[in-house]
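Here you go, one structure.
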Amino acid sequence: MIWDWHFAGSILPDLLRGLVVTVEATLLGYAVALGLGLVWAILRRSPSRIVGQVVRWVVEFIRSTPLLVQLFFLFFALPATGLTLSALVTGVLGLGLHYSAYTSEVYRAGIADVPVGQWEAATALNLPRRRVWAGVVLPQAVRKVIPTLANYLIAMFKDSPLLLAITVPEMLHSAYAVGAKSLRFLEPMTIVGVLFVIVSVLSSFLLRRLEFRYGNN
Amino acid sequence: MATTDSAADAVLPEDGAAGTDGIRFDGVVKRFGDNVVLRELDFSVAAGERVTLIGPSGSGKTTILRLLMTLEKVDDGVIWVDGRSLSHMRRGDRLVPADEKYLRRVRSDIGMVFQQFNLFPNMSVLRNVTEAPVHVLGLSKDEAVERARELLELVGLSDKADAHPGALSGGQQQRVAIARALAMRPKILLQDEVTSALDPELVAGVLDVLRDIANETDITMLCVTHEMGFARDVSNRVLMFDQGQIVEEGTPEKIFSEPENQRTQDFLHAVLDQH
Amino acid sequence: MSDVLSSYPLLLRGAWVTIQLTLYGSALALVMAFVFGLIATARSAWLRALGRIYVEFFRGTATLVLMYWFFYALPLVGARFAPMFAAVLALGLNVGAYGAEVVRGAVKAVPKAQYEATVALNMRPGQRLRRVLLPQAIALMLPPFGNLLIELMKGSAVVSLISIADLMLRAQQLRQSTGQTTAVFLVILVMYFVIAQVLQLFVRYLERRADIMLGRRPGRSARSPLDTRLGAAK
């Protein structure tokens, strides 16, 4: 028998500990992506053309270069500037930064969907710019794009194994470590694959329910 | 689904409908969910006859044409086209639901012109007209092109052969659609409100083309239209529908000049008032 | 910085490997996308289920996990893959699953009336698809395919982790030999960016061709609603 159930059982706790780190990094990174993406989206609407254009290209740059390279860049370049962060924090920042490029596009679409009349009404009321965003535009824009934003949570979860490259002890990293120690890769890699599919399929199922709920109005 | 008894009864009628030319509806029932659109509809159209269907919106006229084009299936009863059932075919001495191959044989006699033209946007005008003759009928490319050019001339669009459908007016698109249907040499041409999607000034051009076809060919025509003048000119018979049933039928002279049924009178008043 | 720039042959060789991975990977992804995307529109429930399983499985898993599995786990059951092969397989199968959803969505988005016209002209089922539905669907597929192509190209950087000498791995080597960490990574980020922009230009060109074929006014106004939705699926 090639597959060893006993061995598989014995490594499961290690892998599940890795899964916890994976989920942690994903959720924290997601929070960064949601916040930073919103900043990009608002800056793109800045009255200054230069700011708008610069942000546009920054976002395009982040989006069209690999996450892995960005992670390495942060991991090696940040200490060079005197800023020393743990691998996990670097990974969370990297994930969040990368995905902020995607979430900003989603916000942008949501903002563009808010009828011009809403802006005009806010102007007619002479609301300060800050109130227009916070009180009128964003609540409408964000609500509509919640399901799309949620998509990226799953996408990020699936990109989180890349953090192993900068030594974050996430799930694939644990699997690799176990495999290297025992010289058995089949069980750890297969279990990781299965866990990934289970978590992603479950979360897309939940997501579809979310879409259903928010799609109904 | 196995053959039901009622279907078998209907498919093997006493009077030997098989072998009869033209179209026949035998107790046709069509439902959409709980909505019974056609209830036990019976009527027939002889080969070469030109019949106009009129009636208020929602009375089931489009459904009749779509059933004939095999775009919908009957729930009960049988539709015969040139003696062949659209729902069942014979396998040995059993009747089984019609399969795609059988349907393609039946469909080869029927053409349809749609309200919204439905030209293929990924092909030029000429290729819209040659595509099916080449790939379905197996004509050579040259033959198909020659025929297509003749037909485009018939519909007055010789100069648009290389144009893109999207660059044509609605009336021109509909004339191309007519040419495309005729290129398949159908024995039966179904027309579903072919001018209702057109701007008023473009209607006459399309109707003229159809009048020519009616006068110069012996194609069986089944037209749904609100153009009463056209119906009077080309049809041998008019069927007035309401709620999935024929409430009155007769020659155009009779229906348009002295309709007997109250609903026909009301309907004609309503239509004529609009014009 | 000059150390880094003077090692450009090394970086160019790495870039060439990245481009090759992108080409092979997207070729495989394209085949998988059409096979399983069309299967998902089939009438048979069995075929549709097969399509679903492929999509759910390969969308559910991460490229890197898949690649590790091909590279480290499968050899133990006797299937040994060259690293390049494992990489192309993982990239192609993964992106192909997203592509299959694009194909399915696009074919379904072609107006039903077009299908009905093909029936009225008595076309065979294969002809309906090939001559009428697919040419129109492909125009809808192009924008999301463009996004997926970029995703695949970026995703290819993970192959460095199974020691394929792509751009990313060359950068690692260069970092070790020159010690110029920041410069090295800045340079290759720019190189990836340039590759992505070229790919994007290529897809834009195809989109323009498709617009002309469909007689639409060239321009970005006519982008399909699938664009944002499926592009977002990543």
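Of note:
Letters are used for the chains, namely A, B and C, taken in the order the chains are written, and counting of residues starts over at 1 for each.
Basically, a contact is a pair of C-beta atoms (placed from the backbone, for glycine too) under 8 Å apart; a residue touches a chain by one contact, two chains touch by 3 or more.
In this text the structure is predicted, and so the values were computed from the model without any measurement.
Chain pair with the larger contact count among A-C and B-C is A-C, by C-beta pairs in contact. Chain centroids computed from C-alpha atoms place C closest to the centre of all protein C-alpha atoms shown.
Computed from the mean C-alpha positions, the centre of chain A lies at a distance of 56 Å from the centre of chain B. In this assembly, the C-alpha centroid of chain A lies 20 Å from the C-alpha centroid of chain C. Here the spacing of chain B and chain C, counted between their Cα centres, is 45 Å. Interface residues of chain C facing chain B in the complex, by the touch rule stated above, are 113-114, 116-117, 119-125, 127, 131-132, 135-136, 213-216.
Those residues of chain C lying in contact with chain A across their complex are 56-57, 59-66, 68-69, 72-74, 76-77, 150, 154-158, 160-161, 168, 171-172, 175, 181-182, 185-186, 188-189, 192-193, 196-197, 200, 228-229, 232-234.
Across the complex, chain A meets chain C through its residues 2, 61, 63-70, 72-73, 76-77, 80, 102, 106, 109, 148, 151-152, 155, 158-162, 164-165, 172, 175-176, 179, 184-186, 188-190, 192-193, 196-198, 200-201, 204.
Here chain B touches chain C in the complex through residues 69-71, 100, 104, 107-108, 110-112, 114, 116, 118-122, 131-132, 135-136, 164-167, 180-181, 184, going by the rule given at the top.
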